[in-house]
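Right after this note come the structures.
Heads up, the next two complexes both have subunit A, just with different partners, subunit B and then subunit C.
Up next is the complex of A and B:
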């Protein structure tokens, strides 16, 4: 199966492509809509996938992907397993700042079926930032959308002077303190 | 009883004092002579009326047909339910109601609200091919005889409904005690089918006797519990009578393009797994069909399998089975199973253990070692 690479295609002018990987399609769709609703000065495409690898028959249609967000639902062990299995199909150079783990369901710790440790570890192993949120709540969903959008802008190279790699290491050093 | 006397506002309490007869209440209809209505009947009617939602009391009493239309006109159905119930009891006393009539009211209530009880499906078997003509009067007679000969004190009430169903209400007693009207068993029997729906009373010990009476009365050979239970009687009927939308079709033509285009939202959102989604939808439709699912609340799996470990590890090397109980519960189990795969919470197709529920017509399973996967448990009389 095809491994997803960040630089095997040429970028399109003034546009960014985000890939959301989630087993919960409802939340995924809601988040995508929230991101699209945000005001921005570039074109954006959001690709939704339940898992990786992406179906190869669409390879030629797919633009270059600038950032991958893996969504993990804290209430569903299946979602974590799904993400872990999908990570095998991501090229190593993506983990230089172009991957992020989005953990949702944080508001309901009592329904938690995933160990927090497992999530922290995931972020550490793949040296990628872990964001926590509750997508079921409108306000937090909008804030998360804005955050992801900003990161996407950086990953797509729209912010002069900040690369995905420098941003990623910036996030990491603050987390280690 | 106390509640009834205390809250009774219609002058009966005065009558009690005069008569020095505290137990049976006197009825007050003039010109009909002294009839004494059993206090337990009065209290039973009162409590049954209290169970009914207020705006349905009138129609239910009309269905009951025990009180005349003129009598019903006298009741103010807009007052507190407690007061309505007392007015009803008052009128019932005038008509000298006994427990038989009260039981009919209870059947009517349970017929309209079957979901208040838990129903269990039983299947009866015949040995020969003989096709008997079903005679309702004979059926009733045999049931009564069988139960009465064993217990003497039982209240048995029948009521037939249009859909060929006989509803049987049984209040159990013993040879020495009166039947307990509040712990009743209900039986719904469709005469043209081998299926019986039983909502057993808390007094479980009478269940074998009841099953025996049913087998004898309906000319069957034996009866077994199908391990299918739910609050929703209609859904159980849908399952065993195969009325729910089943799909046995093996080939599904691709849905028309038109239907695909409709839910398209934003062109900037691209579904990568469109084909996979269509596959899930197809698989799901093959398993669950298009229509609404019958309503079940539980599915239970009892595992009695041996624990298989690495022989080197030397743990649990006993011959004891590894016991484990897995219970799925949901207000609408089959619908939630149906939506698991489309919601991305499980792989499609689901395990046949979960999807076989309507086909196998059971939601309680025992999983043992390979011998036979689902041995039915027979309850022979």
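Up next is the complex of A and C:
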């Protein structure tokens, strides 16, 4: 039952590690593939998990994780519950800009089963940005992959002068106050 | 009122041409006999088996007498399935509605059958008004159950736009009004009345009745909707105060039909070989494919075009002197608009004005609030329903995109934003992925009307900023572009209203100058902030810088060009990257902007000093101070080579000599003047090559004295006009070169 920490391992040179947590493995796979297809000048590692905690037996093999993306399907209450349960296994310092919630299925807002307010609130409580998309459409999947990649680059410290914390506060200062 | 024995009508699925419209033109109303005849052209006799079976089914339903049980009667079952399957596939022809509505509402058959019949009433093209009128008469004798009545009303609301014309339906206004008593029907009747109401329908007794109902049933959104419409038409009659903005007045009454109608429409589109383009310029035959202009279709019947012309001539003569309104279908030229402007009436489906420039002209000139209300109501509803951005169905996505495009074009035409569109943006921007309909959405953003900052912040700026920071360089540039247009639209609005200050329009919130100044200042501050962040995130690309400086080209001229007492300097995070940019385009642009700031500030100062009129607003001394700091840095950089000593901006270039020496750069002082500046060095090299063709050492120090002036002339000739106006205005060249000082203003 290990809690995930952002700084307990050393970073690898010129690489970034993304952890995707989602109860819908099909979509998760598709998104990961889209991210890997993007052009980039660094090595990218994507770890997939349906929920947290991650199994502790392979912990020593796992690299340092730079950013966690929690996927929430707007049509399934379970996915929200799953994410809420998983959040308990994330160290607080991760929420200094290294976590993001990705809400999928927005194209069908009319038949969603999750209260939008619940999602806004989640983002607020964990002071992490909430992104919206519809992964089933190719174009949006690519655009979303690009957005996540930009955030990952910042979280992994590849953009000079911009840290995860400062970027997180930028995203927040636009949302709160 | 009931037309019980309709003659057996031969059925043809007629082509897309809507022949009975021309019949209506001739006689002013439909002659059913005639329209039937019109359909009987020999070419149309291509009946396939399906049509036969539909014909059989209809004639069966026409004759069916007493209660026939569905379970026991195979014939009924067969015909019912035929009707259902054909309706689902390609919709029913206009002639079918009469028969089926009659049977469904007469109560002859069981409710299950009636429901199934009503549910399959999908129009292939139009629904004849006569059949609707006769079914309303069935409603009045109430032979059918209340469930069927409700279903019929919901159907009527859904297909309202498909009814070919509505004159006689309007005549039944009173009947519909009387149905308000029924508690169950009330919401739907309200919705229907909302669609039907014209000014002449608003009567004191009706208002009393509505108020009574409201007292009885409490505040109901549907009653409020109708009352607010009445109030708009006759404010003197409705004195109660109604709550301002209500998002949705009516529950979704579309029922089971909407989706089917869409599929039928799409299938038809696929089948039609020639896709008709959407004409925006002229009132030519409008494309039938979109439902928002179904009402305005003028059939492209080339055969009887001449007849039409004649009719039109005749009719024009007829209409003179009468009180009757000129049918918008015939409005084709601007001169027609001018001739008939006193008796035009808007089409019953307001959406059709979007694609008709003549009607947009008319709308613009009569300034009737109720017209806007009708348009907004329709548009809000459509945007909400059609907002299926992400559905994998490409066709629908394209259609929605086209629709947004049409709305945008209408906004440009009217030079005014639609509030229903604003609402849609506010609702959807927080959920937007930044990809779907990107250019359409961003263009619509540029027409958001002025409103209070708190609203703008949470609905527009916040979601936009989140998208902006995470999205690509190109997205960032398009956001900046549309925010620039937003600013320009506001400023244009301001200058127009400055001219016509006397007529106080209903633009409540920001009519005061201080309100406008605040909102504009907040927009500029917002853009300054996101620009600073974007330049840092993207590492100062020239492309991005161009869009940012383009925005400030509007900002720096607000006082003189738009008569707005406001000037805001760009933040240091924009100014310094532009000053030290590697590209002469950015530097030239910055020089031009600083020149315009100077011109505006000088003009403001002069106005202030001469005190011709007492100014309500003065620029704060901070603006002058900021300008002076920037100009000192700029002149120090480009001209006097003293930027590192003289720059007094807290975020500026001022650096200690000791520190600079440690960089081991020789002659660091001159490294940003117009010869050595990285953006200018290319020019300097070319100049040297021309002035001293034999010298290959690139001795930049040769450019001084007279040569310095030559070099300047050379730069101006290369098209650096911004640099020219900047140097000519801001640099005092009397004492020549090194001693020149910034032409500061006495702030």
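For the reader, a short list of remarks on this structure follows.
The rule is short, and it goes like this: the second predicted complex is superposed on the first by the 175 of 177 C-alpha atoms of A that agree within 3 Å, B and C clash if a C-alpha of one lies under 4 Å from a C-alpha of the other, contacts with A are read in each partner's own complex, and residues count from 1 in each chain.
Everything below uses one rule, namely that a contact is a pair of C-beta atoms (placed from the backbone, for glycine too) under 8 Å apart; a residue touches a chain by one contact, two chains touch by 3 or more.
Computed from a predicted structure; not experimentally measured.
After superposition onto subunit A, partners subunit B and subunit C are found to sit side by side with no clash. Once chain A of one complex is fitted onto chain A of the other, the partner contacts of A:162 are limited to subunit C, with no touch recorded for subunit B. Contact with subunit C, but none with subunit B, is seen for A:150 once the two complexes are overlaid on the shared chain. Looking at the shared chain after the overlay, A:170 reaches subunit C, while subunit B stays out of its contact range.
By the document's definition of touching, of the two partners only subunit C reaches A:140; subunit B does not. Legend: residue contacts after superposition of the two complexes on their common chain; A:106 is shown touching subunit C, with no touch to subunit B. Once chain A of one complex is fitted onto chain A of the other, the partner contacts of A:55 are limited to subunit B, with no touch recorded for subunit C. An angle of 80 degrees, to the nearest 10, separates subunit B from subunit C at the C-alpha centre of subunit A in the overlay. Superposition on the common chain A brings subunit B within a closest Cα-Cα distance of 6 Å of subunit C.
Across the interface of their complex, subunit A is touched by residues 265-266, 268-273, 275-277, 342-346 of subunit B.
The part of subunit A that touches subunit C in the complex is made up of residues 106-109, 129, 131-134, 136-137, 139-140, 143-144, 146-147, 150-151, 154, 159-162, 167, 170-171, 174-175. Subunit C contributes residues 388-392, 430-436, 461-462, 465-466, 469-472, 533, 536-537, 539 to its touches with subunit A in the complex. Taken together, the subunit A residues at the contact with subunit B in this complex read 19, 22-26, 29, 32-33, 36, 43-51, 54-55, 57-58, 62, 76, 78.
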